[in-house]
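Structures given as structure tokens follow.
You will see chain A twice below: alongside chain B first, and alongside chain C after that.
Let's look at the complex of A and B:
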């Protein structure tokens, strides 16, 4: 058999497929460990020592969190406790959360856990999106804490008649159907005062997670950071 | 053409994901180049068989 083409030779395709499959397997296993390391939660010591973690420790609820444009990275990044001027967190400026800025690591973790269970029990993702998971029937909650509508002079805070962001959010969560928002009004899910507190803590912690700018254009949509 | 690496945590996968060019170069390196190598090996083998 003269001049048999390599392209029609089975061994060429077998060896190519074996190489690609094997290499991809190694790459995916490596990616799994790399991801695990990057998404592991920090702790209180990290915050106190000024160590930037992609997912900060639970005591981040004691700090002021802002969302600021990083010229270097080309999108907004969560800044915890003040900006050092170079787009990195200073971890200094505190902010009271339900009247306290000294939540211990255990208390904060417990509150976040309650909030996480609350968001799962009430199935927030049925309408909202959390960290990319969920629906877009209702607003994306990944950075909801940073939405100025809930801040001082914000329309949502004014609507609930509360003095602080966390109290306004907790009030809304307990009686959502009392407040006119838009056509897709949130139903009353029977969230208790303690659950609402936990859920707001969960949202505040979530807003401090560095999501590489996700959701894109959050800062440019109406009502959000820098929005009109 | 090449953007500066700006991820918060430096990682091989972060570099890979900076844009289409880095991904293209990477995939050509790990798929196309070995396939060219395998191609010539198999060609040589078929010629020797004849």
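Let's look at the complex of A and C:
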């Protein structure tokens, strides 16, 4: 090897690999600190004081949640307790959840804890997707709480014979194979009434998470495929 | 250490490697079986309903996948360590003990998955049944077991690397495997915050399959090229370092493409898009590297022989293994690179996220990037343990590789079409509701794609049976040069 070039020098590439890896890792760790702060769960005081958090506190279940276009951000965002007209939450309009709109911070947190454990213990993610992640055998649950099918005139609420969205969802979760919507059914997973309540609270909370506009146009277009 | 490349006789490390490969091959079969169950359920939803539901079959399908690959990865390292370092693996007795602990733990986990399936919504389920987090569902007691086994393995690797001759390949493996084991810790805690949950969950999944596992594949490809075609170590190791720089340079921050929609800030759109768009580049480099080295050594051989072209010997010392390695170069680029790039930009991913597109990519990428090269390593082990100088293809090895590859490519095409239907009907047209989801699923294109996926899955499984037959019989086949 008469003429040595740096480009064919193993040590040069070894050092490059180390530097590149180190640099990327440090950047990732730095971004992780920033992101962790931004996605930490809010609390009841935030909701009372009108502070918008990407992941609101558990007492968000006391509020009405919608998913509306924000002109400023160019996509839909969760709106909690009413829209100020510019795509920001007002945190005013309440909504009862299992008959109450005054769940305390402890009670709501306990429900959410039970619900999150429930989604893992029942392995929801290996049929459904949550925040778009999971299996693709059943519908995405990211904004399931806002699905019109569970609403006042929705087919799912009508099918279960319940008067509210949360009761309809809880009933379905406890006896899914009694309410077949399609040939592909949800199996009975032994979900108790209390667990179902927790899981519905989890779903309502998840619908309030700011997912940067995913899914797009949720429930905005009905039955377009059949030309209705 | 060229002399003991081809002989596994007498090395305890290589013996342990064959144990790892054997169990990996069994789990590979289990992966395909449970995949078939899940594929049948798409076509006939009543199949095994409330007996072995889709969620259970699918969990076993992907867990068997991850675990067989980890087993084969450990096995491949135990196989190459004596060649690369020139010494017997340090602490091999502990390595063997840990192997049995690992196998026993997996047997228990699988039985619990199969017969208990789900539990009440409390911590006992997380500790003893399953954690309900895709890919890393293993209950927490098993998490600790996995950490102990992985630490033992990394310990063996480090002690051997420090005591023996530390080649470039071993150095890369040492750095890579400690990151691989350490990252598992990021997936071992429970939180009520689903965004935080998925943030760290991706640290394990993404930084495994799109960073540390890819670097691992680079090292194994380097070892394979030296072993099978006598490629020049200095060139191969230089490529390896370039690949490490490119893989980690793009893959670590490419993690951002999982942070578009899980509650994390918008800046991940730009970071994720930019770095994950670069992820295919090292895969192109690896592809070129394999073919270039093959052509170069074969060319040198032809020049050296100075005979007429018909008598030029092939430089390939293990035909079936080399076939799988070349498939790896193609499959990694196509499955991980192209199919990944399809839906990595946020503008596209907004509609493709959580559809069969992901599953199309998953099938071709896991197969192309990992299954291929690990099967190749199994052939290298068969060659070594049977004292074969030049290993040839057999009828079943050719049918196996053709059917498995054809089957996986067929499944990928079918799932890609299904993904298009979902994106157009369920997402773009109807806005992702429950009704939108089922309208997409009942579409003719979707339904037929699922039929084809099942057929192609069956083809893959038959290919696997032939592969198993070849694994069991080819070692004694008189066709090879000894």
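A few remarks follow.
Simple rule for what comes next: the second predicted complex is superposed on the first by the 193 of 228 C-alpha atoms of A that agree within 3 Å, B and C clash if a C-alpha of one lies under 4 Å from a C-alpha of the other, contacts with A are read in each partner's own complex, and residues count from 1 in each chain.
The working rule: a contact is a pair of C-beta atoms (placed from the backbone, for glycine too) under 8 Å apart; a residue touches a chain by one contact, two chains touch by 3 or more.
A quick note: this is a predicted structure, and the numbers were derived from the prediction, not measured.
After overlaying the two complexes on the shared chain, residue contacts for A:20 are found with chain B and with chain C alike.
Within the superposed three-chain model, A:190 lies in touch with chain C and out of touch with chain B [touch as defined at top]. Once the two complexes are overlaid on the shared chain, A:49 sits clear of chain B and of chain C alike. In the superposition on chain A, A:77 makes contact with chain B only, not with chain C.
Of the two partner chains, both chain B and chain C are touched by A:31. Of the two partner chains placed by superposition, only chain B is touched by A:4; chain C is not. Applying the stated contact rule after C-alpha superposition, one finds that A:210 touches each of chain B and chain C.
For chain A, the partner touching the most residues, choosing from chain B and chain C, is C. By the touch criterion stated above, A:41 is placed in contact with chain C alone, chain B being left untouched. Looking at the shared chain after the overlay, A:131 reaches chain C, while chain B stays out of its contact range. Annotation: chain A residues 9, 16, 20, 31, 34, 38, 54, 210, 212 touch chain B in one complex and chain C in the other.
In the complex of the two chains, the chain A residues touching chain C come out as 8-10, 13-14, 16-17, 20-21, 24-25, 27-28, 31-32, 34-36, 38-41, 54-55, 58, 109, 112-127, 129-140, 142-144, 147-149, 155-156, 177, 181-185, 187-192, 195, 198-199, 202, 206, 209-225. The touching residues of chain B, counted against chain A in their complex, run 4, 6-9, 11-13, 30-31, 34-35, 38-39, 42-43, 45-46, 50.
The touching residues of chain C, when paired with chain A in their complex, are 38, 41-42, 45-46, 49-50, 53-56, 58-59, 117-123, 125-126, 129-134, 137, 168, 171, 190-199, 234, 237-238, 241-242, 244-245, 248-249, 252-253, 255, 258-269, 271, 350-351, 353-356, 358-359, 422, 425, 427-435, 437-439, 441-442.
Residues 1-4, 6, 9, 11-12, 15-16, 19-20, 23, 30-31, 34, 38, 52, 54, 70, 72-74, 77, 210, 212 of chain A are the ones that touch chain B when the two sit in their complex.
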